[in-house]
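Both complexes below contain chain A, partnered by chain B and then by chain C.
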Partner chain A sequence: MIRHSLIMMMAWMGLALSMLLSVFLPAHAQTLRLDITSGQVAPIPIAIADFTGPDGVPTNVGRQIAQIISDDLISSGQFKSVDSAAFITPPDSPDIRPDFNDWVPLGVQGLLVGSAYIDDGGALQIEFVLWDVVAQRDITSGEGSTDENGLRRLSHQIADFVYEEFTGDSAYFDTQIVYVSESGPADRRIKRLAIMDQDGHNHRFLTSGNDLVLTPRFSPQAHEIAYVNYFNDEPNVYLLDVALGRTERVGSFPGMTFAPRFSPDGDALIMSLAEDGATDIFALDLKTQQLSQLTRSPSIDTSPSYSPDGSQIVFNSDRGGSQQLYVMSENGRGVQRISYGEGRYATPVWSPRGDIIAFTKIVRGEFFIGVMNKDGSGERLLARGYLVEGPTWAPNGRVLMYFKQEPREADGSGGEVALYRVDITGFNESRIITPADASDPAWSPLLR
Partner chain B sequence: MIKPLFTLFAATFLLAACETASSITEEAAGSAAGSTTESSTSSTASSSSAASSTASSAASNADNSALEAARADMMSIGDTVLFGYDSSQLSADAMATLDAQAALLNAKPSFRVKVEGHADERGTREYNLALGERRASATRDYLVAKGVDGSRIRIVSYGKERPAVVGSNEDAWAKNRRSVTVLN
Partner chain C sequence: MNELAQQSQQDKKREEAANGVLQNLAKIQKTKEAEKKQAQKVKKQDAQQKVATNVSNVISGVQQKTDAKPSIEPIGISELDRVRMHIASKWNPPPAAAGADKLKVDIYVRLEPDGSVTEASIVDTKRYDANKTYRAAANAALRAVLDASPLPLPREKYDQWREFIFGFDPRFISR
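Now for the complex of A and B:
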């Protein structure tokens, strides 16, 4: 109880600050919405002890695990790690109850203690307890074993538990990112699909770079990726089986198919088909291969995205003269425009929570990433740049990832493209380190 | 210390551990299989295009030099027409260029034609793919209206992926909003 009221208090304090610091355009567009989740400007202080061996001494794997958990939690912007040099000696093992009186003066709210060692059979054995220092009790605990290759995933899962206990939100550390890795000069860019953990580790390429590839998106089970592939110089939607590395074209239609996204149940793909200068939205039933046309106009209707319950679709269209956001029902009926601010709106993506929609906005020569309510009200801009584009949601709907391109000089210099993420409050914008230039990110669902 | 959460979590944990181990094995096998599949697909593709070009060059070696000559003619006419911002409207200049292109294409009916549609970098990727398609379609429709057999023409949109001019300035953007007619 004490802990929760403290968090609430910090949330309200943070709210005032977040209202000051978010990127805003002139008055007309912005209706500020009170958003409880926009707190946490004062991050929760937490102490993460290096995990120990049976002798009570920190092990190598134990130090790695503590580091991964700490990096995850701090990257969220919602936690701060209490400097381990300032530690009162933590308990030697998760079985020992800490002396809470040592920890309270440090302002620490959570204390994570664990053991981790390689047993005689070569298996990594992990145990942990998360203590609530304020309430002086254990909150959660767990144990597990894996081979050494599972170390990072188990660490992310422990970080997920800590995050969920202290924020009350679902977590997102045990997730992956698929994106387009870019290299070479701007006019002959080589693009490859690549996949990595959300913290940038376990990076690997999924395609060779022989064919231009764009806009990968995960299936709801993360086993498949839908993307655009220029195989044989014909841009079309393909499906890639991540485990098998097998890729196949989705159907065979006249014209070009692109802008694919899965339905929430994974049974259908929604995408655009362009033919004779008109681009419309279609849903493809992946089991029956039946194609349903949802929009029918000479305009450009593209970048469709389902609501999490699958009952509605948001997309962008230039049917009204400029590129704006529209919502329709899953069968294409009841089309309603929702964006009315200044400029053009593009790439709408429905939040996994269902309440808000992220988008790219182009106004007065600048690009923005923003969010609005599903009826178009409450627009807030979170990031800006020469070119920022293509937001994708963390599975808990609290964090957005997108890409940012710097201006390029006539001599070919500049033009760096990189992935960034930002909290939906507009705080904590940070760059994701990738081996090469990176664009078109898509966040996986939770893997567990 | 022992709580319901504990057992629940331990179960999740073990499951996760299994998944990790198995996904890693699959990955290792998968990436090998993946690269084999991909390289075999692409080698099939390249060998088939090689085969078709061998076939066509076998059909007539003279065709190659005729194609080169026609391409040179296309370059002197101008293979590119430009468009305004977010527009697929053909300007008077564009129509004049396309009139000359159509005359050339009608004089050389044996060659196939690819019309590329492109956009500048000041739009979003998917919208620009559609915009490039619109520009390529407008160009193709004009050529067809001037007597070029539509079945000879294939259109491909590259959106903002293949700029003609590198640079983040109005001059470069204007030159990148284009369609390009390629003989093959």
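Now for the complex of A and C:
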């Protein structure tokens, strides 16, 4: 606070002087207008200092925190961080205004300084300040405390602050991924639900592996997961309470249910129900258990996904002869085909921003992950592989995660399945490390 | 049953830990309020000194004007283009702003005769305070101006360019 009032005072003195001066300015001086319409598109250079203890020396937890924040920001592709070895004067406290002359030469736009230490009561105390190095002022700051188990989470939240201030977008680091962990030989594959932080840490299993599971999807509050469970070889939609670990089958319908997804308000589940050779899309009101049929065709209609405002649904159907994407209103009216490219289209997912739809595309045996506008125009392919499938959106709609399988060799080797993510620009594809093979990821909403 | 009780106890603990983090985060005090005010008027720390220099510059400017050669031409498009390109080389518009057609940021700038920036301020402070994306865009525009200082402008025409409003328009930028 002290530093603010000092700067403000100096600024005000300067202002007062210049007001006096304006009397002497030539009368014809005018303000020119100039528009800047081009710029540089590059990652934002930023310095992240190790968080220090009360003695000004980096602590173990402080180094971990800086590393987590740095990894988050770099993984987004929107930032690059400067190696701390290049720092001229490593900061020793977030309470001291940095000497910007030490930071300008590094070419950084932001500087994150923080303290982090375990206090006598065993609590982790954290404080941070984010500085704008060019404008030489602080942008945001904060403090908090947690037990040591909260270290990673708090670090992700600080990374979220930095991300939002510099990109102007909502962030996505304090999020989780639920996915299907796979192990064992192809004919006796064990598939378990697993959950982890978006960076792959804090991994744990949610189901035992006794039953085969598929397509987990988070509820809008991330408290529940809808998924398909094969019990007695029959697939049906189940709900899992993440905190309690309890699962229950959703309703009891004739035929099989699969491909569940929550409505944006969390009050309904949309899914496919297969009976007597036809597969149609139904919405289930979770409060009243009332089931409404949205499509009626002899074809296979599946993979439904709501628009973020809940007014429309995108799904895939082979009603036109090949598997293509269709959009309809939430009550099933006004069905319109939107995909017209070569090949087949599957697993459409509406972006949280509402403007585009991600999908899996299969052309001549090759798989792609792509996006298109909600009217089907502007198709762009972002990733390809022997098998890539099942895109899921980061909650800010800037990053997609999906799974990729390598081809299986004649000798039985290969065939690994792993999670990957990529920017919607198609850049920055990277693998998420998991303990075993991994498929069917779903990204949680922002947890905070 | 025991196992279940244990499990639910564990879960409760986990939940409490999570709640703890949240509660603590609620404590996070953003200093943005103070910063917003400051952002409206970013000045270098040696503002007084600069203003003092300004006085002598203005005085010499006035003198120059009295015996100014009538041959000084109005500032031209090529001279302004040079400034535009120079600032564009320093402008890294944030991802959320790129391509947006309603996120133009006006920055008011006062300059010294050597082209250095003495003052740069965000014009639309209301929107700056209200909108996260605009704030990021405005901060990036402000950084571009400060980073571009001094601007390459002809000293003899200082009377014509001592004040600018730069409009940073990201609509044609794809990211």
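The rule we apply is simple: the second predicted complex is superposed on the first by the 405 of 448 C-alpha atoms of A that agree within 3 Å, B and C clash if a C-alpha of one lies under 4 Å from a C-alpha of the other, contacts with A are read in each partner's own complex, and residues count from 1 in each chain.
In this section, a contact is a pair of C-beta atoms (placed from the backbone, for glycine too) under 8 Å apart; a residue touches a chain by one contact, two chains touch by 3 or more.
Remember, it's a predicted structure, so these values are computed and weren't measured experimentally.
In the overlay built on the shared chain, the residue A:P254 is in contact with neither chain B nor chain C.
Once chain A of one complex is fitted onto chain A of the other, the partner contacts of A:P105 are absent, as it touches neither chain B nor chain C.
In the superposed pair of complexes, A:I44 makes contact with chain C only, with no contact to chain B. Note on chain A: of its two partners chain C and chain B, the one contacting more of its residues is B. Once chain A of one complex is fitted onto chain A of the other, the partner contacts of A:D138 extend to both chain B and chain C.
By the touch criterion defined above, A:F166 lies against chain C but remains apart from chain B after alignment on the C-alpha atoms of chain A. Contacts of A:G150 after superposition on the shared chain: both chain B and chain C are touched.
Overlaid on A, the two complexes show chain B and chain C touching the same residues of chain A, namely 138, 140-147, 149-150, 153-154, 157, 243-245, 448. Those residues of chain A whose C-beta lies close enough to touch chain C in the complex are 1, 4, 7-8, 10-11, 13-15, 17-18, 21, 24-26, 28-42, 44, 78, 109, 132, 134-147, 149-150, 153-154, 157, 164-170, 243-245, 398, 425, 448.
On the side of chain B, the complex with chain A involves touching residues 1, 3, 5-6, 9-10, 12-14, 16-17, 19-21, 23-24, 26-27, 30-31, 33-35, 37-39, 41-42, 45, 49, 86, 88, 121-127, 129-131, 133-134, 137-138, 141, 156-157, 159, 161-169, 172.
Interface of chain A with chain B (complex): residues 95, 129, 138, 140-147, 149-150, 153-154, 157, 161, 174, 185-189, 191, 204, 206-208, 210-212, 214-215, 228, 231-235, 242-247, 255-256, 258-259, 272, 274-279, 300, 302-303, 316, 318, 322-323, 346-347, 360, 362, 365, 386-387, 389-390, 405, 407-410, 412, 414-415, 440, 447-448.
Those residues of chain C that touch chain A in the complex are listed here as 7-8, 11, 14-15, 17-18, 20-22, 24-25, 27-32, 34-35, 37-39, 41-45, 47-48, 50-52, 54-55, 58-59, 61-62, 65, 75, 80, 83-84, 87-98, 104, 108, 110, 119, 132-137, 139-144, 146-147, 159-175.
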